[in-house]
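Have a look at these structures, which come just after this line.
In the two complexes below, chain A is the common chain; its partner is chain B in one and chain C in the other.
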Partner chain A sequence: MDFAGAYSPENLKFLLDGLYITLIVAFAAIVLSFILGCVIGVIRYTKVPVLSPIMFVFVELIRNLPLLLLIFFIRFALPEVGIKMGLITAAIAALTIFEAAMIAEIVRGGLASVDKGQIEAARSSGLSSFQTLWHIVLPQGLRRMVPPLVSQFISLLKDTSLAVVISLPELMHNAQIVIGHGYTYTIPTLILVAVIYFTVNFMLSIVSRRLESKSI
Partner chain B sequence: MKMSKLGKLLSVMMVVSLLVLAGCGNKNNSASSDAISKIKEHGKLVVGVKFDTKLFGLKDPASGNVEGFDIDISKAIAKHILGDENAIELKEVTSKTRIPMLNNGEIDMIVATMTITEERKKEVDFSDVYFQAGQSLLVKKGSPITGIQDATKDTTILGSKGSTSIKNIKEKVEGIKVLEFDNYQDAFSALKAGKGDALTTDDAILYGMAAQDPGYEVVGEPFTDEPYGIAMQKGNTDVVKAVNDTLAELKANGEYDKIYEKWIGKAPTK
Partner chain C sequence: MDFSILTGNFDIYMEGFYNTILSSVIALVGSFLLGALIAVFRISSVRGLRWFGAGFVEFVRNIPLLLVVFVFYYGSSALGLSIEGFAAGTIGLAVYTSAFIAEAIRAGIMAVPKGQMEAARSSGLNYIQTMVHIILPQAIKLVIPPLGNQFINLIKNSSVLTLVAGMDLMYFADIISTDTYRTFDTYIFVAIFYLVLTVPLSYGIRVWERRLQRKY
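What follows is the complex of A and B.
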């Protein structure tokens, strides 16, 4: 074990470069999958005639596939049919599609947990069904979704490391290159990477607690 | 009943997507003996190399450059085809991504410690052997073992669990003692701790270990055959010829030996 060699300034900077890509990809995928997941979740909840069954199939199809397969599919199968994208875009696309399916279920569950009496009360006081959804169901449902959503976002951030298989230069990928420079770097590098992932994710958890305590 | 309908729908979708995938795999660019003019038109040779393999293709965190035996060979090919060794773009490949990337047309060739096998020859065209790898032995400097011929049933060999190299050495030396480890790092640590007499695997990996610790050396001739080749899309015969010409040229003018010594630390065995 060679801690001093593994933690040289060059290696640390290189690992931080990797963390930067990890955070960019995770942030973009979190924002996009949250938007997409909310839309799909609401469609599933409201039982729109044609759309809802289509979304059901989408959600079931995606969440029952391994993320690794989706990453490979987007990276290597889509270019064959003319859809080409860069590594970062491919990683964001794969994560967004996968996580949106998960988030859609969280959103649908959160909305369904809102007491039916509230909906009846809203409708009988003259709100349209859209107004009921927007003013009554969504605000209450969203609060209940915070803990499972944050768990999902933490998973997403960790899942970015799967993109190592398509050589996305994220944290795990750069760690492998550092390890490639010396067998004695393996354990020190892995320990440091673990600390980095933990720190970032733990901060997400803290933010989540704040959000929860505010909303009650 | 409703569920079974949906189940059917889902299975149909799965089958369709699998068929799409399978269809993609078969699409081979039936061209093209003019692949080389495409490279010239592009003005850059795009080569798939490893970024994490010591001595062959390893990215330097400080400079951001990728360096190694494979890189120097790639530069020589770029010089031969385009007249400029810097007219090159290195793209990272792994053992899993290199063939899809080649057949996607993202890279012109693979120079990434790729062993020539009959199986792979069905998917790509290989150049002549550009690096003759094989299983070998790593020992502490000054060890009485100077090659596979010195190994007896009293020798303890260290290796990686379930690897073919363990199987090979058991066939070569009857009754030899073997200690297996989860990975080469552990095996190397055990060798340093004196738990065995020699460590065995591909010499390309052993040279990487020896480069990290000058107290150890690779001894003897490789006793298995792992020829590394440069892979190109099937049918790109003109590129294969250009690569073979480059290799022949490098070997004739002594440049190959220089590159070999620079990375491996000794002259290639003839």
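What follows is the complex of A and C.
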């Protein structure tokens, strides 16, 4: 084990460059999948004819496939049918689609957990069904969604590592390259990468605990 | 879609499909045993065991699966033991999943009313008898749905074996697509193979969950 060699300034900088890509991709996918997941979740909740069944099939299909397959497919199979994307775009697109399907189920579950009496009361006070959804159901549902949403975001951050399959230069990919320099670097590098992932995710879960205690 | 890719490479697909199932089943059994042990640690009255259990769960849940697999794959070869990709991947899957299963089992045990334990103990059963005859049979019903979900995750997650040359479905698909130059069609069939496993499982879990809800 060669800690000094593995943690040389060049290697550390290389790993931090990887972390930067990991964080950028994760952040973009968190924002986009949250928006898309909320839209799909609300469509599933409101039971729109035609649209809701289509969303049901989409969510079921994506949730039952490996993310690794999705990343690989978007990057290497879609160009065969004329859909070409850059490396980072492909990674963000795959993560967004996959996590949006997960988030849609969280949103639908959160909305469905709001007491039916609340909806009846709002409707009989003269609110339209959209006003009821926007002012009554969503604010209560969202609060309950915070814990599962945050654990989904932590999953997303961990899942960015699967983009090694398309050689996205994120943290895990760069770690693999450092490990390739010599077997004495393997264990120090794995330890450092574990500490980095753990720290970032642990901070996320602390933020989530703060949010929970504030909102309830 | 070109079905000759499926028929012409059926044996290769089936070898990968078989290894995907084999790895998921071995990892399920392994992660259940390890997860049950960690769950017992987490509710034990010995403080050291409780801390170890909690530390294990927190740490493993906050690092990517791929990193755990790399620890067994690259880490073992750095220490001079060489573990094949399939074995390293399956061990990694089992260790990673055990942290989630431990939490599911713990939650299931905690959900059994305290009165059950008190009643059994005052009727003269000892702690182990109470656990085996009274608490666990009730807890297992609640643990089955999350366990089923973890099995689906295992099937999907076993695709990371391809990143350590683990001979799974994704690994052989790569060989087929390099051979046929038809990435799109090759991976559509891969997706169907995964769905054949995961869709009936998710449906079964949903039926079981509904039956549980009716009972309580």
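By definition in this document, the second predicted complex is superposed on the first by the 216 of 216 C-alpha atoms of A that agree within 3 Å, B and C clash if a C-alpha of one lies under 4 Å from a C-alpha of the other, contacts with A are read in each partner's own complex, and residues count from 1 in each chain.
One rule holds for everything that comes next: a residue touches a chain if its C-beta (ideal position, glycine included) is under 8 Å from a C-beta of that chain, and two chains touch if they have at least 3 such contacts.
What you see is a predicted model, and the numbers here were worked out from it, not measured in a lab.
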(message) Given the alignment on chain A, is it a clash or a fit between chain B and chain C?
(response) clash
(request) Using the superposition on chain A described above, determine whether A:165 touches chain B (first), chain C (second), both, or neither. (result) both
(message) Going by the contact rule stated at the top, is it chain B or chain C that touches a larger number of residues on chain A?
(response) C
(request) Would you check which partner chain A:73 touches, where first means chain B only, second means chain C only, and both and neither mean what they say? (result) both
(message) Taking the superposition on A as described, I'd like to know which of chain B and chain C A:186 touches: first, second, both or neither.
(response) both
(request) Look at A:10 in the shared chain and tell me whether it touches chain B only, chain C only, both, or neither; answer first, second, both or neither. (result) first
(request) In the overlay, answer first, second, both or neither for which of chain B and chain C A:197 touches. (result) second
(request) With the two complexes superposed on chain A, say which partner A:178 touches: chain B (first), chain C (second), both, or neither. (result) first
(request) Determine, under the contact definition given at the top, whether A:60 touches first (chain B), second (chain C), both, or neither. (result) both
(request) Under the contact definition given at the top, report the residues of chain A touching chain B in one complex and chain C in the other. (result) 60-61, 73, 76-77, 80-81, 165, 176, 179, 183-184, 186
(request) Would you pull the chain C residues touching chain A in the complex into a rising list? (result) 58-59, 61-67, 70-71, 74-75, 77-79, 152, 156-160, 162-163, 170, 177, 182-184, 186-188, 190-191, 194-195, 198-199, 202
(message) Looking at the complex, which residues from chain A come into contact with chain B?
(response) 10-11, 13-14, 56-57, 60-61, 73, 75-77, 79-81, 165-167, 174, 176-184, 186
(request) Using the touch definition up top, name the residues of chain B that touch chain A in the complex. (result) 6, 9-10, 13-14, 20-21, 24, 27, 51-54, 58-59, 61-62, 92-94, 96-97, 100-101, 104, 106, 184-185, 188, 209, 212
(message) Under the definition above, what is the set of chain A residues touching chain C in their complex?
(response) 1, 60-61, 63-69, 72-73, 76-78, 80-81, 154, 158-159, 161-162, 164-165, 172, 175-176, 179, 183-184, 186-187, 190, 193-194, 197-198, 201-202, 205
